[in-house]
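To keep things simple, chains are lettered A, B, C and D as they appear, and every chain counts its residues starting from 1.
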Amino acid sequence: GHPMVVMAGMNVLESRDLALRICEHLKGVCDKLGLPYVFKASFDKANRSSISSYRGPGLEEGLKILADVKAEFGVPVITDYHTPEQAGPVAEVAEIIQVPAFLCRQTDLVVAGAEAVKARDGWLHVKKAQFLAPWDCKNIITKVGEVTGPKNPTILCERGASFGYNNLVVDMLGIPVMKQLGVPVTIDATHAVQLPGADPRTAGGSTGGRREGVAVIAKSAMAAGADGVFLEFHPDPDKALCDGPSCLPLEAAEPLLKTLKTIHQAVRA
Amino acid sequence: GHPMVVMAGMNVLESRDLALRICEHLKGVCDKLGLPYVFKASFDKANRSSISSYRGPGLEEGLKILADVKAEFGVPVITDYHTPEQAGPVAEVAEIIQVPAFLCRQTDLVVAGAEAVKARDGWLHVKKAQFLAPWDCKNIITKVGEVTGPKNPTILCERGASFGYNNLVVDMLGIPVMKQLGVPVTIDATHAVQLPGADPRTAGGSTGGRREGVAVIAKSAMAAGADGVFLEFHPDPDKALCDGPSCLPLEAAEPLLKTLKTIHQAVRA
Amino acid sequence: GHPMVVMAGMNVLESRDLALRICEHLKGVCDKLGLPYVFKASFDKANRSSISSYRGPGLEEGLKILADVKAEFGVPVITDYHTPEQAGPVAEVAEIIQVPAFLCRQTDLVVAGAEAVKARDGWLHVKKAQFLAPWDCKNIITKVGEVTGPKNPTILCERGASFGYNNLVVDMLGIPVMKQLGVPVTIDATHAVQLPGADPRTAGGSTGGRREGVAVIAKSAMAAGADGVFLEFHPDPDKALCDGPSCLPLEAAEPLLKTLKTIHQAVRA
Amino acid sequence: GHPMVVMAGMNVLESRDLALRICEHLKGVCDKLGLPYVFKASFDKANRSSISSYRGPGLEEGLKILADVKAEFGVPVITDYHTPEQAGPVAEVAEIIQVPAFLCRQTDLVVAGAEAVKARDGWLHVKKAQFLAPWDCKNIITKVGEVTGPKNPTILCERGASFGYNNLVVDMLGIPVMKQLGVPVTIDATHAVQLPGADPRTAGGSTGGRREGVAVIAKSAMAAGADGVFLEFHPDPDKALCDGPSCLPLEAAEPLLKTLKTIHQAVRA
């Protein structure tokens, strides 16, 4: 079978140097473990809880950094896009372009992404919305397939479902349900542990996380049959400009990916 | 106190004639009951479950119909917009422009709407997302206020929260929570009764509803202190091109609005 | 139609004097408003979160106090029972005996209660469990009916459904669903506002509440068609020995019940 | 570290012969894999949805069968009890006695169980209720500890949390939360896949399941750090007298337990 795919990097691009440093570390770990690696970073955080949050370098500068990372390390990259107009330019650089979870039902966005990846033989990584049932992803795959024809380039990504207020839950039974739709499935363990929104008890304006839960969700999802893992790292997670509470330190990558690889193989034996 | 506001009309614009007919009926009922009336209709359904669903006449033709309805009956109108670019043109016609629930965390969209209504002394009707807690709406109001200053034009609209898969629930305790944020609160009783997504047991590709529940939710929300009601009608609901299962027949308007008015007054006595 | 029924009193029996005082006040209010009144109090809190919580006077002493209240004011009473053996003795005193929510699926308990009320022409008030869907109450009614025959003495009581961790939500659409099962439906607005369990952030060992939400839930449920209301009061709620945070002061009774009566009538007009 | 514990057997005792047959098979598999084995079966299903469901042989006959199984194969057994009075007799036979999920907040039942296992150096297996947060299990452990002192015999069992109506979800993040309370944690993969209650769309009066999900939940929970697994088997699952839809065939035991053992070791490496 196909080896476990690792989509990993940083939440939002903070600087060119930091992107290179993170990619170098993660590529080294994946090479050592024999796992295919894709560098991940966002150029814009378009849906932050608070208007004063850091949003990133923007499209033009962001794509330039991503192109530099590719040139330096020869890795494919994944990044998200937020409007139909961005799909084409983003797919020029990124082999995998990503539909944000809140936007996965926006038909024009999905169709534009499908056209962009079709033209370049790329992939469309669709985050399943927190309000969507696993079986309802079928409609998204169908929307993409209307554009691309039978060789459907969709990858579905689980990142948790709304579970009461200010909490998410990952339903592991949803992973085989999504796989049965005929596409690869990844687990975004980083965002799945977020405590979304502004908890009234902490008067917070940004989305908290539970760092220690990232490994739990990643391992469980591999055991449930996920094909790949999506993770965010930072050399100093508590200083990350976005989503630090759910971000892992770089040195956590190797032991975690090693365990994930073992589980990925065990459930396919 | 302010009388109960009625935002009512049709789901998606099907034709100019139908819009005029529905507005005429509803305006007549509201005039009789002494309730302020706003005509509601969408020009584009941008997030339908299925790619083959009817989407509406589009921006240009849709705004033309809305302008005709205004000219004919002298009523304000409300309609939704889906991209930052649409905010200005839409606010040229509509006194109240609406942020769709799935998009209420998209900063650029909210800011563009705030700018558009500020320029024209209009209102921004924000549907609370299915994944958002009532207290988290504070961040949206703050985003709007950054643009508009202290005279915040936000109206928050409750339309249900995710409750397991393929179901929504309206938490009536959320209505006073949202009111305490200092803005008016409406209840979208039509969409709150939807059974979202494609139920695997019905193999459906569109979002079902429970027509008989619309009145229940509207009445309960009035009892919980809502300031206005948002409802969709059709002369023949089963033939509506979108969301027929949660659409009310025109003749249901008068008795329902009468009861709602009584409850609205009773809880303010 | 039948006037709104008021089941109201105190959470757990604290003393004979306090029971008499609360009953006197509430009976006075209900007489003034022309509403049928049932005194409510528990003799044992058998499922407290913490082992060190106050549990009440117990069966024997508790039933004696309830009998005194009845003798003094000529009102019917409602109280809960926790084992099949308690059903008979409790039904000797209480016209309405209550199945606690967590226990509503325990067949022996339900059957014993059905037998006890059948023998005395009483009623069985069944709290719908936090884990139960409204339509699933049908099975409970069937269990009762197997004992009692066609004159089914079940009253269903809504008290909230699990909504994520440490939170409940009242689904107002469930009220007509339960009524369609052919039995009266009440709203326990006091327990429906509880924040169940021990919140890790407050390190609490008891179940918190939101006093200001009680009226919201009661009013909304009346608007949704409930036939009666279940409420708990205390002359000094913050000193109540159990569930003080969701308990109302006695002076809140008259204005709240007056509004509830108006809504109850408005939705039946 | 301690090897993975296997609590496995049948849902409800159907006959002495069947119990012996199932125990023989499962003990053989566990011996082969070097895993400690506990035979599981219930003598009474006290909370079936429907009054006409099969309930089992009852306490006396059931304990006799369990004693025979122990004598024949020399294995410890686990079974549930439903009233405080049953705790002692059940603990005479069963090394592990189990508190049903719906009853885990009933103080008298938990205390009686704690006393019974203290007297015999047994264990108390507590199913976490569908309405309980993982951290709230602390109160149960405290109740037990009040009786037993510092050597707390509690084992917590995850079996899913309410997720909307007629559905459960297993929150894998809850497993480390429960382990941090200082007790072993098991996963009841069989009941965690149930679709509780009577789905109105199927007009069902019993609790459905998803057999193919049992392995998914068991593997994911092992990856999340569970110490043991709880599973139900039948030679012909579709003919099981209770909960057949979530029951596994006997031949599924060996490959599943082998994979679970591998994952259990991988996350402890």
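By our rule, a contact is a pair of C-beta atoms (placed from the backbone, for glycine too) under 8 Å apart; a residue touches a chain by one contact, two chains touch by 3 or more.
Bear in mind the structure is a predicted one, so any value in this text is a computation, not a measurement.
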Type of subunit A:subunit B copy interface by residue overlap (half), same or different: same
Chain whose average C-alpha position is farthest from subunit A's own: C
Centre-to-centre distance between subunit C and subunit A (centres being mean Cα positions), rounded to whole Å: 48
Centre-of-Cα separation between subunit B and subunit A, whole angstrom: 33
Whole-Å gap separating subunit A and subunit D, where each centre is the average of the chain's CA atoms: 36
Junction residues of subunit B, two or more chains touched: 161, 163, 165
For the subunit C and subunit A complex, residues of the former touching the latter: 163-165, 167, 201
Parts of subunit A lying in touch with subunit D, wherever the complex brings them together: 161, 163, 169-173, 175-176, 193, 210, 212-213, 216-217, 219-225, 259, 262-263, 266-267, 269
Subunit B residues touching subunit A - in the complex, by the definition given at the top: 46-51, 55, 82-83, 102-103, 105-108, 111, 129-136, 138-139, 142-143, 146, 161-162, 165-166, 196-198, 200, 205
